[in-house]
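What follows is a group of structures, each given as C-alpha cells.
One chain, subunit A, appears in both complexes that follow, with subunit B as partner in the first and subunit C in the second.
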Partner chain A sequence: MIDDLVVRQADVFRNKMGIEVLTDHRAEGIDRVGRVVTGKGPQGVFAIPYDHLLVATGATPIMPRQPGWDRPGVMVLKSLDDGRRIKAFLASRPVRSVVIVGMGYIGMEMAEALRAQDIAVAMVKPRPALLPWLASELVETVSATLEKAGVAIHTGFDVAQIVDDGDRLQVMAAAGASLTADMVLVAVGVRPNSDLAAAAGLALGPDRSIAIDAQTRTSDPAIRAAGDCADAFHAVTGQRTWIPLALRANRTGWAAADDVCGKPVTLPAVVGSAVFKVFELGVARTGLTAKEAADAGFEPATVTIHTASRAHAHPGASRIQVHLVGDKGSGRLLGAQMVGREGVAHRINTAAAALHAQMTVEQFSQMDMAYAPPYGPAWDPLLVAANQLIKTL
Partner chain B sequence: MRFVIIGGDAAGMSAASRARRSDPELEITVLEQTQDVSYSA
Partner chain C sequence: MIDDLVVRQADVFRNKMGIEVLTDHRAEGIDRVGRVVTGKGPQGVFAIPYDHLLVATGATPIMPRQPGWDRPGVMVLKSLDDGRRIKAFLASRPVRSVVIVGMGYIGMEMAEALRAQDIAVAMVKPRPALLPWLASELVETVSATLEKAGVAIHTGFDVAQIVDDGDRLQVMAAAGASLTADMVLVAVGVRPNSDLAAAAGLALGPDRSIAIDAQTRTSDPAIRAAGDCADAFHAVTGQRTWIPLALRANRTGWAAADDVCGKPVTLPAVVGSAVFKVFELGVARTGLTAKEAADAGFEPATVTIHTASRAHAHPGASRIQVHLVGDKGSGRLLGAQMVGREGVAHRINTAAAALHAQMTVEQFSQMDMAYAPPYGPAWDPLLVAANQLIKTL
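For the complex of A and B:
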C-alpha cells in the first residue's frame, strides 16, 4: 500500500507536535528584506513572515522536452502521487510492456518491480555504458543479471520523440530504431529545486544546488537549506558536491533545526555512500570513481577482485566483486564499489568509515574485520582488494 | 520567533520535529505543495 509509506501523517504533526503543516501550499517567492514567504494555497495567495526560513524543496525528476514526452502514459517516479499515478495506470488497462528511459538506480528498481508483475521491460539510454560510474567488470555482472531477468538493454538509444500508436506509445530513437510500449517511465536523473532560492539571489553550488555552510546557512544567514536541494562538502576532495540522498536529507534537517535553536552545529562532509538492489544483486559505492579522482587532481590506481561471499566450502556462497580506487601520490584510499548477491550493502560502510578517517590503503588493509564462515572468507573481500591495491601504489 | 520551512518531506519534517523537541515555544510552519508529508522513498 502506497499510503503505508507515509511515515507520519500531517495530523500527527499538527495535533501531537504543535507544528503548523499547510499542505497544498506552494511557496513562490521569498522577500529577504521583509522576511516574508509568498505563494498560493487553497484560499488563494498567502504571505507568511519568518524569523528563520528553511528551504527544503528537494529535487525534481528531469523531463526531456522533445515532442511526445507529455503523452499520458509517460511517467516519472518521485512523489507519492507519481507512484499513485503509475499504479492507477497499470490498473486501468492491460500493460504488457514498459520502456524505461534511463538506467540509474530508480530505473533499475522499477524494472524489477515491473518484471515481478510479468511486464516486459526494455531499458534505453543514449550513452554506451549501463552505469557509467561503475567499474566495467561490475557493470558486466549487473547487465548479465538484468538480461537473465528478461530486461532488454538498449544502450546508444537516444529518444527523439514519443508518438501515439493506437492505445500504445512508440518510442523513437534519433538513429531510427523504435520500441512500442504501453507505458514509458522516465528516470534520467533529478535536479535540485533551487529556482526559488536562485530567484531570491541566494548563492548556488554544483549542479545549481543551493550552497550551504557547515551550519546549513545559505548566503543569507536567516535562510538555511537542507536535503536534496542543498550541496555538501566531499570528505575526499574537500570540494563542494551535490549528492541527493536520504540520510543526508534527514541529517541536514536536524542540523538546520539545531542551528535555529542556538545549538552548536558542524555538519560533516559526505563521502557519497549509496546502495541499491537490482533483482538478486546488491550494488554499492562510496567515495570517488577513478575518473572523479583524476578530475579532482589525484593520480588514481585501481584494482578489481572477486572472492566468495562466504568461507570456502560454505554452502550457498556466491561471488562478491570489489573495486577499489587509491591515490598513487599519497597512498590514500579514495573510493570503493561492490557488487554481489549478499554481503554488499553493509560491507560498503567499512570503506565509508575509512574514507571519513582519510585512511591510506595500507592502513585500511590493517583493519581488524569480523569473520565467520557464513559471512565471508577469513580475509574479508575488502582486505583482499586492499592488499592487491597496495602493490600498485 | 517563527521558523518557516518550505517542503514537508525528509529534510523539512526532520527539521520541524527536531526544532519542536528542542524548543517548545518556537512557532513552526511547514509549507508543502502536495497533500503528503514525510513519506519515505
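For the complex of A and C:
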C-alpha cells in the first residue's frame, strides 16, 4: 500500500535507464576546485569526480531540541519510512490519543487521518494563530471544522519538554499546561538540507535554501540545485523566496537536466500557489498575504467575502470564502486565499494565472469565467471579491 | 419551487426601487429622431419619450418552421413559463418518452432531468457531430456518458415534420426515419431579439446581434444594448462575436447603467468561457476551437491528453481530458476544452485567465499551480497538455 506511493523504484533507474544510483552513500563534501564529491558508503569513503553536479538534497522536518523529543512515540512525517514507522507504532499498541505539534497542512492532514481511526487528537503550537498566513475569517472556518471533527486546538502552547508517563507521553508547555497522549507527531515545518552546499561556500537564499538562477545554477555554475533545497524568484515581489512544494521541486529537476544538456531553459518565477484538504474543507492560497505585501513595499488593501458555492436556488450549495489582496499604488492583484467545501482547489489557479500575468484587480474583475448553476454563481466568488476590492484601491 | 429561481420580482423594482416597470407592454418601434419608443399595452398604444434608451430584449429559442412544430406537446425551454408548461405537460399525462431536437447544453441538461424521472430520451440533430465545437476524443466521452445513461443519440436526423400519432407525436426525418414520443423538446439554440433594433436602423453584429461598443452604446449613442441581444469583442481574435451567456449579459447591464450615470466604463472583451454538467460529467471550454482559430487567421496546433483527476495512487480518481489550441506563429494559447467527472468547471478559468493575458503556451506551461493529492496530480492536467503542445509549435 505504502509502496504504491513510489512513482519509480531505484532499480528502474539502475536497470531500465542506465543510471548509476548509489543508495546508502552519504555525500559529505564538495571539492569545487577539484570537482569531486566525497563521502561515506557501505564500502567506506568514496570520491566521485564530476563535470556537472546537481545538489538535490531536499528538505528535512524541523525537530525541536528541547528534552524528550527523542522519546519513542515522538515522530515526524516526511518520508515513506516515517509513514511506515507511524503505521507500525499504531499497530503495535492501542493508541487512543495523539498530540500533534504544529498546525501546518501536514499536521492537519494527519489530524484527519487519525480522527478517521477514531483516535483523539490535540494540536498545539506556541503562536496564537492557527494558520498565520490565512485571513482571520477564513481561519475561523478551518478552526470550526477542526473542532467539529473533534480535534482540540491549543494555540499559545509552547512545548518545553516531553516526558514519559507510564506507557504514555506527557507533553508539557512552558506555561505549565500539559497534555497526555500515546503518540506525539511533530509537524512544525521543514528546513532545506543545505549544509553540504553551505560548507562548499555556495550562496544561500531565504531560510538557508540554496540560491539558484533561472538555469538552476548555484553561485558555482558547475553546480546546480533542484528540488525542495533550492530557492526561487517570486513573480509578485521579484525577490528570492523559498516555498518548497511538489510542482516547483519537480520543475527544477527538469530544468537542471535541460540546462546540462544545453537546451535553453528559463525557470519561471513562482507565486506560491498551494492547497490542502482538511476534513471536508479545501484551503488554498496564491501570491502574497497582506503582511507579505507590506513587507515587500506594497500598500496592501484587502477584502474578504463569502458567497454560495453554487447558483442562486441550486440545491447542495455550501459557503465559499475568498480573501483578496491588492496594491493601492498600482492596482495590481497581489494575492488570493479561499476556504470552502467545494470549488476551492482549482479556482485558486485562476488567481495564480492573474498573478503571473501581473493583472490589476480591475482586469481580474473583468475576466470572462465559465458559469453553470451546479458549479457556482453567475458572478464567480473571485469576481465578487474583486469587484469589492476595486472600491478600496 | 420554480418561483425560487426568480432573483427579483417585478414588484421589487416597482415598490422598493422606485422604477416604473411596464409589464405586458410590447415595444414596437423606436423613433430615434424624436427619441420616442412606441408600442402596445393593455391600455392600447403607448409612446414613451427617452433621453437614453436601453435595448435589453434578450434572445429567443430558435423554432423551426417545418410542419408540425406547433403541435401541443412540442415545447421549447428558455423562460420560466416554458418550464411551467413542460412541468404541467408532464403532470397532465403519462409521458414515457421524449424526443429532444438539438444537442446543445440545454438539450443535455433536459435529457438528464428527464432520465432522472425514468423517461426514455432520444436526442436528434441534422449534423453529424454531437458537439461540433468539442474535440472528437472529448465528444466520445460525452457520447458514451449519454448512452450509458440511456439517452439515444441520433445524429444526421434532420426533422422534416412532426405529426400526431394517436395521443403521441411522430418525429419524422427527411431521410425516412421516425421516432415516436409523448413530448418533443426543441433546443436547437437561440437567436438575438434584434428586430426592433434592426428596424430602427441600428448596426448589427454577428448572428444579427446588436453591435455595441465598450460603453454598451449602439451605432446611435443615445441607445445602449445589454444582455443576450448584444454582441461583444473576443479577446483572442479582436473581432466581434456573439456568445450569449449569463455573466456577460449581467455585466453589460451594469456597464450600461454606469455609462448612463457618467461613470467611466470599458467593457472587457470575452473569451467565451462556458461549462455545463451532463450526468456526472463536466464539459467546459474557453477561447477558440482549432477551426475558429484557423478562420480567424491563426495557424492552430492542437493537443488532446488525458490524465488522472487526482494524484498518483490517490483513491477515487477519474479521468480528465484536456484539449488545447495554440498558434504556431506566435506561440499563443488560443483555447482550451476539458471533459471530466471532477475538477473541470473551475480549472477552465485558469486557461481563461491566460487567454485574457494573451499568454503563450510556454508561459502557460510554466504557471505555478496549487497541488494536493485529492485535487489533482502534481503536474496539473492543463500543464501536462501545455507541455505537450509546446513541442508542436
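The rule is short, and it goes like this: the second predicted complex is superposed on the first by the 393 of 393 C-alpha atoms of A that agree within 3 Å, B and C clash if a C-alpha of one lies under 4 Å from a C-alpha of the other, contacts with A are read in each partner's own complex, and residues count from 1 in each chain.
We adopt the following convention: a residue touches a chain if its C-beta (ideal position, glycine included) is under 8 Å from a C-beta of that chain, and two chains touch if they have at least 3 such contacts.
Just so you know, these numbers come straight off a predicted model, no measurement behind them.
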| item | value |
| --- | --- |
| First, second, both or neither for A:Val37, with subunit B first and subunit C second | first |
| Which of subunit B and subunit C A:Ile48 touches, first, second, both or neither | first |
| First, second, both or neither for A:Leu288, with subunit B first and subunit C second | neither |
| Which of subunit B and subunit C A:Asp368 touches, first, second, both or neither | second |
| Which superposed partner A:Val159 touches (first subunit B, second subunit C, both, neither) | neither |
| Partner chain(s) touched by A:Met17 [first = subunit B, second = subunit C, both, neither] | first |
| First (subunit B), second (subunit C), both or neither touched by A:Ala27 | first |
| Partner chain(s) touched by A:Asn250 [first = subunit B, second = subunit C, both, neither] | both |
| Common interface positions of subunit A, toward subunit B and toward subunit C | 5, 7, 246, 250-251 |
| Complex contact set, residues of subunit C against subunit A | 4-5, 7, 105, 235, 245-248, 250-251, 268-277, 282, 284-286, 312-313, 343, 345-350, 352-354, 356-357, 359, 363-364, 366-372, 374-376, 378-380, 383 |
| Complex contact set, residues of subunit A against subunit B | 5-10, 13, 17-27, 37, 39, 48-58, 78-81, 193, 196, 226-230, 246, 249-254, 256-258, 260-261, 263 |
| In the complex with subunit A, residue positions of subunit B that touch it | 1-20, 22-24, 26-41 |
